[in-house]
Each structure stands twice: as C-alpha cells, then as structure tokens.
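Should a chain be cited, it is by its letter among A, B, C and D, assigned in written order, with residues numbered from 1 in that chain.
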Amino acid sequence: MSANTAVAEKYRNNFLKEIEEQVEMGDWVKMCMQCGVCSGSCPTNFQSAWEHPPQELFMMIRAGKREEVLTSSSMWNCTSCYNCIVRCPRKLPITHIMHGIAEYAHRLGMAPKLQPTRFFSGLFWKNATKTGRVNELKLSMGLYFKDGLGAGIKEGMKMKDVALGLMKAKRLNPFEIIKGHACKDQKGIQAMLKKAYEIERSRKAAKVAG
Amino acid sequence: MADIKVAAYICKGCGLGERLDTDALVKIAQKDGKVPMAKSHDFLCSADGVAMIRNDIDNEGVTHIMIGACSRRAKTEAFYFPSNAVARANLREGVIWIRPDTEEARETTQEMAEDYIRMGCAEVKAMTAPGGNPNTGSSKTLLVVGGGVTGMTTAIEASKTGYPVVLVEKTGELGGMAGKLYKRIPVHEPFKSPADTGVADLIAQVMGDSNIKVYLNATVAKTDGAPGRFVVDIATESGATHTEDIGAIVQASGFTLYDMNKLPELGGGQSPNVVDQLGLESLARAAAAGDGVIRRPSDNQPVKSVVFVQCAGQRDPTGTHLAYCSGTCCNTSIKQAMYFKDANPSVDTTIIYTDLRTPGNGEDFYRSAQEKGVIFTKGKVAQVVPNGAGSTVKFHDLILDDTEAAMADVDLVVLATGQVPNSGVDIFAAPKESEEGAVEVKPISILNLNYRQGPDVPQLKQGFTDSHFICFPYETRRTGIYTAGPVRRPMDIAQAREDATGAALKAIQALENAELGRAAHPRSGDLSFPKVRLEGCTQCKRCTVECPFGAIDEDEKRFPVFNESRCRRCGTCMGACPVRVISFENYSVNTVGAQVKAVDIPDEFSEKPRILILACENDAYPALDMAGMNRNEYSAFVRVIPIRCLGSVNTIWVTDALNAGYDGVMMMGCKHGDEYQCHFVKGSELGRVRMSKIDDTLKTLNLESERVRDLEVAITDIERVPEMINKYAAELVAVGPSPFKGF
Amino acid sequence: MAKKEYAFYPGCSSQKGASASNYLTSVESMCKTLDVKLTEIPDWNCCGASIGYAEAGELPRHVMNARNFALSEQHLPGQEIVATCAACWLGARETRERLTHSDTLMADTREALKEAGLQIKEMPEIRHMVEVLIEDLGFEEMAKHVVRPLEGVKIAGYVGCQTNRPFGVAGESFENPMYLDKMVEMVGAEAIPEYDMKVTCCGGALAFSEPEKAQAQIKDIVESAYDHGAEMIVTPCPLCQANVEIYQGQINQRYGTKFNIPVMYYSQLMVVAYGGSAKDAALNGQVIKARRLEEIAAKPVKR
Amino acid sequence: MTEHVATNETILVVGGGISGMTAALEAAETGKNVVLVEKNPALGGRTSQLYRYFPKLCHPVCGLEINQRRLKNNPRVRVLTLAEVSGIEGSTGNYTATIRIKPRYVNENCTACGDCERAVEMQVPDPFNYNLGQHKAAFLPNAMAYPQRYVLDPAIIGSADAEKAKAACKYGAIDLDMKEETIQVKAGAVVWATGWQPYDAKKIQPYGYGRFKNVITSVEFERLADIHGPTGGKILRPSDGKEAKNIAFIQCAGSRDENHLRHCSRICCMASLKQTHYVREKYPEDGKSTIYYIDIRAIDRFEDFYQKVQADPSVSFVKSKVARISEDEHGNPVCWGVNTEGYKRYTTPHDLVVLAVGMEPSVKGVDIPGHIVADSSGFIEADPANGAVFGAGCASNALDVNRAVQSATAAALRAIQVVNKVAKAEA
C-alpha cells in the first residue's frame, strides 16, 4: 500500500488530478457534463445495477472520493460493448476510462480482491502474454481453480456440459493442457513487454514527482 | 369640408354572382345606401375592374368608395386607394362562405349581404380620407439616457445613420457596468477565452464624434412634448439646466447588481472574501494592473481556491429575492473562473450550479472551461460560512445526492447575484408597506416625463419595461421612447449592443414618422388621428386616464390636451368619451354608429333576430374570415363590424343597437391581464371594464343581461367563434325577441 | 494471381482446436470461392483483447498489437491486415489510431519493439473480414457465387458490439446496422431487419467471470430471435458466437427456457450457399447443430 | 406591393420569416425601399408553423396578422415568393443578387376562391405540416398565406388534373406554362435572414426517429396541437391514431452534442415547457408530461414560466439525457436511462415521445453566396469582412423570437446606414 499512500499524499484532496495523470484517458473525466447517457447505455447496469455508474464515478472523482472510487466494484462490470463511447455527447472514451480506473485500482492494490472479473482480466493477460497466444483451456481452468482445488472442481463440473459440447465440436482441445498454441519468438515478446512496462512506469512516476 | 362623391361597387366573382342577387344589392346601395353611382362587376379585383374604379376617381370625381366583395383583408393590392375613403362590405368570407348553399338559406343569406351593403354605404359616408396629423415636430435629434455600452452603442449607431445625438450619463464617466469589467464573454469563434470588453474603443468613438453631444454627471430633469418635438431639460452637476429639442428617446439606464448584503446566509456582507461578480472583476483588474495574481481581500494572499455560487438571490419562487434568472451569470462565472485558470492552472475553481445556462455557442465556452480544469458541480448551496480568512461552502450535491457536501478553506467565494433593471418609477405599482425599520427607498425617475400618466415608462411586474416582448419587443407604452439593454431584459454586452442598435432604428423611425404625421406601430403609417370637439367636453378626464400610451395630458382647466404623435390610434379615448367628442377621420362614433343603424331590423314576428358583433380587427375579425375560408357556418342573423380595439367601443353603439331592436350584442376582443394579447396593451382590458358597467344601462332599458356578451377571442378560434355565435343565437331565441323592435 | 491479397490475422480463438476453429475453416473455404488470398502473418501474437486491461496497461497493450504490424510490414509488405475476430480487429485498429495520434506513444512503442528486434514504419490498414467483403468485393460480387440459395431459412442477424462500435462498418448505424441482414438476403435466406437485439452485448468476457450477468443478456438475445421466428442466428464475432451458442443449456437450467438455436458465422452461410459441403462450412463445429443447413449442404448444387 | 425598381439604395432582405419580415418592415417604415425574397410560396416562416408562443402562450399568427397588415399598407416592400438567392456579386453599397424564381403556375388574378382546389384530385404531402398530412396539388399554402394566392404543385403539371384546375378557374389565374425565371436585383445592402431548420432527427440513432412511428419531433408536435394541423388540433399518435396522453419530451435532441450540433439551441427547453401546456390543454383530466433534461435553460424572464410548469402535478422532470428508446409490443416508445440526480435507473413507456430537436441554420455559413464569416455551427458572425451582408435572426445565432426580432431590427439599421451613405454619395 505504500505506493498508494505515496500518491495519495502527493495529491491530497485533488483526486481528479491524480486520475488525470495516472489513469489511461483520465484527463477526460473533467469533460463530463453529467447527462447520464453512459449510465443509461450500459447493459450490465440494467441487468444488475452498478454500485456507481460511469457518470457518477466521474462526479465522485471530482468530489475527491478517492477511497470509494478505487475500491468500487463498478468499473469491473464493463463488458467493453462501447455503447457509452458512441453515445456520449462529449465524446468521452468512457469504456477506456473504466478500464483505466480499474487498472489503476488494481495497480494500487485497492481493487476488490474477490472481484471475479478483476481476477479473470489479470489471468487472461498473463495467459496471453506468457506464450504470446491465449491458451483457452488453461484460461478456463485457471478461472475455475482461483479459489482452490475444491471450488475449482465444483466450478469445473458446472461447466462440464459446456466443455464437453465444445470438445465434441473440436473447439476445445484437452491436450492444450500439455502443449498449446504459442509464438516462436517468446523471448522477444517478453523482452518487449518488460521494456514497455518500464517505460510506462517511469512516465507515470515522473508525473507523481511533478 | 369638400363635397363628397360616393360610389358603390359590387363584385359578382368568387360565386357572389351565383349565390346572391347582385342586381338587388346594387339597388339596395342606390335606394337604402343613397349611392346613386352603384355598379356591379364580374371580377372587380381584375385589372379591368380596378381600372373602372380608378376611372371613376379620376374622371367622375369619386371621393368615397364602397366595395362589396371580399373581406377587407383580401385583395388589398388591387383595392389600394390611399387618397380615398374606402369601405369594404365583406360579402365573401362574411356571407356566402359561412352560409350553406341551399334554397332555404338563400333568403337569409341575401338579407345578410344587403345589410352589409347598407352598412358599407353608411360607413363610407361618415368617413373622410385621413390627411395626417398637422401638429408635428421635426427634430431629428436622439436623446440617449445612459452612457453604458447600450447607450454608447445607440449613440454611435444613430450617428452613423446620420442623426445627431444627445447622450446623458449620470456619473462622471462613460462605460457603465461594462466599464468595470476586466474582460467580457467571447463573441467569436472559437468562443474559448475571455475577450477584451471593447469599452475603451466605444468611449473613444463617442468622444470623437462631433455628432454626439455628451452630458456627464447629468440627469433628465424634465421631458415634455411628443415624438418629433420633445423638449428635454438636462440638469448637470453644476446645477445648470440645458434644454434640448429632441425627436425621439432611447432609455438605456442599465441595471444594478442585486445587493449581496441581502444574502447573509451565503456570506454576503459577512466577509471581505465573499464578493459579488462585480467585486471579482475589480479584484481581477487590480491583479492585471499588478503581478497578475488575484489576491484575497482580507490578507492579500494569492487565491488558491475559489467557489462560484450560481443563482445567488435569483430564481427564487418564494418572492424574497429575484424570481427570474439573469441569463448571463453562468457565462460570467465561467469567464471569471478562467481569470484564475489562465493565470495559474493549479488554482482550484469550482462552479456550483443547479442548471448551467450557456445558450448558443456558450456551450463552447463551457467546454473550454472544463478543458481548463474548472470544476462544475451540480448542487444547491445552503450556506457559506466565513471562518478566519477562508470560508466553508456547504451545499447539497445533487448528483451524489449528498446533503452534507462541503468545501472547506475556500479562499474566495463569488456570489452570482442578478441584474436589477434601473427602470425608474413604477407608475402602476401599489404602494408596498415596508417591513419593520426598513426605510422604503423611493425609486428615482429616469425620464421625468411631464405626462398626465406619470414620469416613466410603464413596467412589467419584475420591473422591466413593458412591451410586446415576443413579436414586437421594442414597443413601449410611450411613443417615441424606446428602452434598450438590461432595463428591458437581463443581458450581456453582446445582446445589449444588438438591442441598442435595434432601439436606435426604432427611435429614428419614430421621429421620421412623427414628422410626417403618421402613426407608429401597430397602426404604423396610419394618417388618421384623434380629433376632439372641446366645446362639448365635460372635463371628465376619462380619456386622459385611460389612454394606454399616455398620449393625452390635461390643461389647467382640466381639458384634454392631445399629443397626436404620442397616439397609437387605438381609439380607447373615443370609446371612453361619454359625450362622444373624440373621433378619427376614418373611424368614429359615427362610422360605426351609422353601420349599426343601417341594418334593417325585421319585426318581432319574423323570427329573424339580429345580433351585432363588434370584432377586434386584429384577432377576432381574421378568425371570422378564416372560419369563412374553412366554410365553418354560422348564423345568418349576425352583423359583424370590425373595430380597431375593444378599447375603442363606445357604449352608445351598444345602447343604440339595443334601442334599434337588435336582440343581442357580442363583443370580441383579445386576452387581457399579465399575459395580455391586445396590441394596444391595455385596450381590451379597458373596453371590458367599461362594458362591465353595461348592465346598469341594460337595467334602465329593462333588458336581460344576456343581451350583451363580452368574449375573449383568439385569432385561431376559427371553430370556436362560429360555435359561440350559434350557441348565442340559440340562447337568444330562448330569451325572446327584443321589445324594442319596430319602434 | 488472386483477385485480392491480404495479410491475415486469424487470432487466438480461430486456431486449430480453439473455440472459433469453425470460423477459420469456413472463412478459408469462403475466400477460396471469392478468390481472396489470405497469408497468415508469421508468428502473430494475441491482441490483448479488451479484457486484458487489469494488467495490460496502455503501452504494453499497444506494443502487442504493434508487433503484429511490424511482422506484417516485414513479411507481407504493402498488404492490409485482415482480422476475422472482432476483438483482434478492434484492438489492432485502436492501437493504430492511438499511435498515429500520439508521438510519445509511437516513440515508446518503437523503443519497446526494438527489444524484439522489430520496427514499424507506416503501419498497415487494419480491416475486418466483413469490411473486405462489403467494401472491397461488394454484395454484387458476393452474390454472383451463390449457387445454392438458403431458401426459406429465417435468420436473425446478430451483429453484437465490437464489429459495430466504436468503429463499425463504414456507413452503418451503431443502433441498427443492416449489413448482416443484407448478407443473409444475399445468400437467399430470410432476414429479420427488425430483430431488436441485434446490437445488444453478449456479456463479452463476463460470460467467464460473471456468468449470471452475461447469461441474463444472452437470454434476451436468444429470446428475441425466437420471438421474431428465427431458425438460427448469424454473427460476425467469435466471442458472440461462443457466448450465444454454448451457454443456452445453462440458461435453460437457470430460466427454465427451452433454447436450442444454432448460432452461425456469416462465412458458414456463404460457404453452404456457394455450394460448399458441410465440412467446408465446418458445420460439424456447431455445439448446437444447424440441421437446416446440413440438409441444404447435402443437396446437390443446382448449376 | 408596387413594383418599385431596385437600386443601390434598395435593401435586399433574404428570408420571409419573422426576422426577414421584421427587417423589411422596419426598414420600409423608415422610408427605405426593400425587396423581400422568400423561398416558400407564402411568408411567415418557421413561426407561422407554431401553435403557440412561450411564455405568453399567445398565437404566432396574431403577430403575423399585424406584420402582414403593415406589409399590405406599405408600398415600399416588394415581395418575391418561391424565390431563392443563388448569387450575390459586388460590394458594399453596390450589390447585384441573382434570384431564381420557381413557377407558381398561378398569377395575380387569383382570388383564392378555391375552385381549382375543389376541381383537382391529386394529393401531395403538405410541407407546412412537415408532411404529416397531405393536401390537394392545387392549394393555398396555409390559412394565413400572404400573398393570399393559390399554388400548383409541380407534380400536377402535365396531368389531366392540371387541366381541370385550369378549366375550373374563371379568372384565368392558372398558367400551366409558367417557367422558372432568373432575375437580377440591385441592392446597396443585404439582410440575410434565412432562419433555421430542425436538426435531422434520423441522425440521432438511439432515439429511433424514423424507425418508431411514435417518436416525433417538437416541430411536428406543434402541428399536431394546431387547429390548422393534420389532426385539427388533436394530439393523436401517428402509429394508431390513439390519443397520446402520456408524453415524454427529450431535451438536447441533437443539441449540445459533439456527435451532432455542438451548440445549445436555446429555445428547446422553453418549447418543451410550453408543449406540456398543450398536453394539459387537450387532456386536462389525465394528460401527463415528462421532461428528460440535462439543464433546463429557461433564461431570464422565462424562469417564472418554468416555475409555473414545475408546480404543475401533471408534469415531471427527470435530470437525464435519455440513452436510447426501444418500442414495446403495444407500439409504446420506451425511454431507457438513468436519473443522474441520485442515480435512479428507469425504463419508462410513453404513448408518444417528442424530441426537442436542435436548431441549425437553414443555410449553412459556407453555402451563403459571397464570402461570409460564420462560426463552426454555420451561424453568420458579425464581421467587417462580410461587407454589407448582415445576418439577422436565426441565421446569425440560435435565438428565440424576441431576440430574433431584435437582431432583425438591428440588421435593418446596419443596412440603412449603408444605403444612406449611398444616397449621400449619389445626391
């Protein structure tokens, strides 16, 4: 949490500035005019309400409600359907801001630990970047076993029929467990990503330093 | 008076020839109408028909023309004889189009047409072609009262148009409110940043213009006369009085900011660090003069955080403060927040609003402010608590629905209080009792009009000057005197300059027409004017009291003094006069009375009642016309006479009608009250007040009150009016025929 | 020499034995008929997809896509990249736009790519297969090859999100795109233009992480297809296809519905209409079998 | 009326709506000669298509009647209808405008008796009613039409109906051989008052205008409420003619939106507040209005109108820009969104949805003949580079009627200043 408190200290009550500098597309937050189109366009918001819909998150950020925002489960409800983006009268890249805030909360370790999408998101990225290509079987397994073996088997059983169906259709390959698809130049990919992270981190740090 | 020669022309076109016995109509004109020269024509509005009339004018010496054809609203180009007296009998829209084309209807329809011919002939004989008001003045000079942006713009624009200007400013310098601003709201693409006010340039233009005479530290002590011949006394600081001959006046007396001391709960007057928008402007100017840093009044520390409170003392439904929105404060606060952000982006600027109102391209200005980092919070400020140098702003965050929201240690709070018009004395205001201890400040007159009806221009309930503020925003109730700028409606610089330019035109137009003896809006160009036979006057003062435009003064013997060029020709004075000594050349107690009397009244056994309709020519009469165009039928027993305004209805017309055996009278006028639709503002109201007393007259004649109906009619009532007529006709059958028939 | 050539970016799900392998098979047959040559970008990598956001950060995500650009430029110079997967197309296209608009991002990306010994120059255009079909070939051309019209088959065109927003197919509306319906008609089947769930989100990755939320949406999508009398659903997106098809069983359990509607790729419809076999169209790749199509595919081609 | 010859002392006014009529009349009543050009067959423009004005709820045609009377009495204004300015050459004090005049197929002999209308069969869409209804192909543009003269729709020309119309006219008013003509008019100054047009609601995809019959625009709603409109003043919904009693008004339909119009159109809030009054007027018992808004912009004195409407129990306000509209099985449009005051989700069905569509200039700045400086929305800016071409009314900004009239009066003075200089020079 030290990283977290550090920035928090630096920005004191100006949470908006923190978001602008640390979050992808965060500098758009100030442009919201609170019309609510994003919140009204979000499918998951109508299936099962968000704790705080996008436009409300933006207001909370302006109001300096740092803790509530970063620990919120809200952003993790985003399905990347991009309805909000195409409808926003102020052209805010809302989907990306949601992802950005989520990523930042995750980076600070403030995101809800048990939020399944947070977990899956991380899992997916690791899975995809490990070899350069997604290993769907390991991905699903990883998800089911996130809460340990027992829970994993239970989850797995739930998905049994789905998995079987896919296997019958040759769209799920049990052998991926051993050897799945992969890029040849994995070293290159790792090196490239390592560098990318370095650059990004240093840039954001520079902003904190001001 | 020169001898008159009347001619009657009856058209057979548009089905008139088929539906009516036009030969009979010609005979009626000759026999009953006593117009020997009566002709019919197959197509009167055709080149040939018009040529026939022209020829009679030129070669037969015809002076008075009665046209029996379509409505006076139709074919006006064809029947345009400005130098003759013209009456139009409405046989088309008023007769055949509102009657069924059936055998049984034929008789009553014909009777209707015949009456209209009789009425037309009677009317035209009672008319003379108006010659214009001789009592004119020819001053081309504009008086502009107020040296702010509005006044200066009016002066400059008038001068550019070629008219000399006298400009009176009560303070020692030009510039007014705008002169106190650091910058203004942008008016050009890209609408992103505050712009120069341009006031200095305006002042330079005014001072450099030999055509503009400027009086500083001066007020208008007395305004006498009428458009084209105003005589204005200007009092200066030195005590000296200068008298100027003036053609027309533009009042640009501007506004005063609503007093923030009336808002203690918002910190108004509680701390030097709570200021109004003007206060902030002076801080910004001070900063600009110095190191560019806006400082806190209390301790001169640089402002690090500022909160703008919108609608402070405005949009208040309780009536304690201003009920209206000043329309410009949102943009102003945005501009002022930019003062801080442009100088130092790290200053926290928050605007707390309920509805952000930035119309038009103001939206770009709003977006620009957001880009610059100005925070907009939708909320209602409950309280501003100054503590030490800082203040705490407590508000209800409407988005987060947080009633306890607060911002602490705010260096500076700016209250967006509204614009209060400097409109002088409200001559109709009921004296309001002042609350405990408070001293009632008497408003100071701006124009000191030496008018029977008071020293200033009448106002609407919120103190803005009265006008038909939708279609005809400039039309005040004092002819030749126009108001411009925030005294009419809250405005910013851009709007005020536009308004000032328009007002300059209206003033120029007024003095030009006054010189030609013509009326101003809404009867613009009308050459008729009120004439009074003083020998018959009883000094009852009704005309001087009622005139909606304050055109009539009183002399020491309390006789009315008509200022024709202040007059709008509505005829309210004529309607008010109990002794009927006021008339217009082409519209008088006689022109209407003669029509009333000309109608042929069948006896009580005929079962043919007669109903007189006096219809306002602007709304009710067009509605009746359009009912005709729609072929909406109504009773053949009505006889319609268009009138200039309900206010011009003289009771004698009604009593004459009833005495003559009419069974009923319908009066159709416009809506009155706060949302009045009468184009003479008070005309329809005054007419109604007058008619409310008609019951006494009815009693003396012992007639039922049902015999007179006063109706509010709008121009769109093309179905409602026929229904009302038919309903009333049916009711009258129940009431029974008038006992006065056949006398 | 083929009529058209493109650098091909199949994406992870289209690989052999992966969830959209049937998509790939049918696309290959379709392109053969249309004489479109697809050359796979050597050693292409994952686009990161939108769901990768928690860990991906901004630059790493773009670098992943940039690597594919670099490889494509290096091995298939002058060719535009075609993706069949909505997410791949979106991810790659977004990266391309961001890099074009930010010099810093571009510089940083180049620096990172050096580590893999790669570099980008102009960056090729990124196209979705549907764009290629509509814009480069056109409906007329596509229709020419129909030899076995899917007469009487009523198909709901489910466009979904990521081929439609934020970029979408040029000239189409976000709320009511018509191209899929036009394709359905083009293959001789019956379209349902008023199908009101055509752009409703299938839940995307939430189908894995929060099934109940995703499945609530999938239910609406399928239900509405039934309400409009559809026999099958067609889509241009692998994740849409999988989500809408494979969870119908679970949805039936959850909501007591009796869903069992096939969910096809446009490419599969075209292959069958073009006279291809069930195998060419990878109809065996359906979890919910498309009987009507299998029957039609079994019929002889009327030439 | 009388055909005075246009000279460099003439003022050309383009557009015969309330702004153009005002500019023309104010100039004429100050003694200047004016040529007034209107592209429609009758004057009156957009306001003549309104049922009532805010905030007085009076009828626009009442003011139109006055203006028409001013016109009838003033020989200085020459009116050209069905006419469009296609070019303006020259410079301050010396312009030549090229004007294209479409054939009316009816000459000044017309008495507006209506025989031709009764004679013909053909029906054509009625643009005065935004094509919500139809009228005969021989028609009077509207009840208040000035000039009060019939028009033949081009569609009828060459048909047997056209011959019927010609035969029916006893006054030789119908001339089927009329051709489009192009004339040139000299002028010292030009007042450009071509007004506004409603933003094309089809472009606002989430609201389904064009897809859902019961989603209409605010200007169309005016016609539904008007006695002269297609429903004779009854508020009936297009899909099934059912009485529409539960009506949603959606603000900023196209305005304040970077995807559509970037500016705020100013009048829409007041227009919707006004229109709730129509609902109340027609259905006093059970009429219900809901206004979905971002900010209610009831500026200056209009605020108390807003307060009156707020006090009305039949009107509710939702602080929300509706995200999308769907249609339920009864053909009711359903509004989806979130009330941002305290985050409340809603999916609310209504009988009818009225989109408060934004205002855009009828003629975009770039399309105005000559090189005119306009802002990014296409409104004419006051700029010396425009010479003696002056924007007036809604061609110059998003304005309500009283501001438009002000603007037009100001423009008239600017034009007069120019022609006065010309007069001085020529004298």
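Please note the rule applied: a residue touches a chain if its C-beta (ideal position, glycine included) is under 8 Å from a C-beta of that chain, and two chains touch if they have at least 3 such contacts.
What you see is a predicted model; the values in this text were computed from it and never measured.
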Ask   = Comparing A-B against C-D, which pair counts more contacting C-beta pairs?
value = A-B
Query = So which chain is the furthest away from subunit C, centre to centre on CA atoms?
reply = B
Inquiry  = Taking the mean of each chain's Cα atoms, which chain ends up nearest the overall Cα mean?
reply    = D
Euclidean distance of C-alpha centroids - subunit C vs subunit D, Å = 47
Task = Just give me the whole-number Å value for how far the CA centre of subunit A lies from that of subunit B.
result = 63
Task = Mind checking the centre-to-centre distance between subunit A and subunit C? Centres are C-alpha means, answer in whole Å.
result = 23
Request  = Pull out every residue in subunit C that's touching 2 or more other chains.
outcome  = 174
Note = Where subunit B touches two or more other chains at once, the residues are 356, 378, 399-400
Request  = Could you list the positions in subunit D whose residues touch two or more of the other chains?
outcome  = 206, 256, 319, 324, 340, 343
Message = Can you give me every chain pair that touches, using the contact definition above?
response = A-B, A-C, A-D, B-D, C-D
Note = Counting only contacts in the complex, subunit D reaches subunit C at residues 205-206, 208, 211, 324, 326-327
Remark   = Per the touch rule above, subunit A residues touching subunit C in the complex are 24, 43-44, 47-48, 77, 79-83, 85-87, 95, 99-100, 102-103, 106, 111, 116-122, 124-126, 128-129, 132-134, 136, 139-140, 143, 158, 161-162, 165-166, 168-173, 175-176, 181, 183-185, 188-189, 191-197, 199-200, 203
Key: subunit B to subunit D touching residues, read off their complex   = 13-15, 43, 45-46, 70, 73-77, 80, 157, 160-162, 187-191, 315, 317, 323-327, 355-364, 378, 398-401, 460, 462, 464, 468-474, 489-490, 495, 498-499, 501-502, 504-506, 508-509, 512-513, 522, 524-525, 618-619, 622, 626, 629-630, 670-671, 675, 677, 679, 714-716, 718-719
Inquiry  = Taking the touch rule as given, give the residues of subunit D at its contact with subunit B in the complex, in rising order.
reply    = 1, 18, 25-26, 29-31, 51, 53, 55-63, 65-67, 69-70, 72-75, 108-109, 111-114, 140, 143-144, 148, 170-171, 226-228, 256, 262-266, 295-304, 307, 319, 340-343, 375-377, 379, 381-383, 397-399, 401-403, 405-410, 412-414, 416-417, 420, 424
Message = Quick check: in the complex, which residue numbers of subunit A touch subunit D?
response = 33-41, 45-46, 49, 52-53, 55-56, 83, 86-87, 89-91
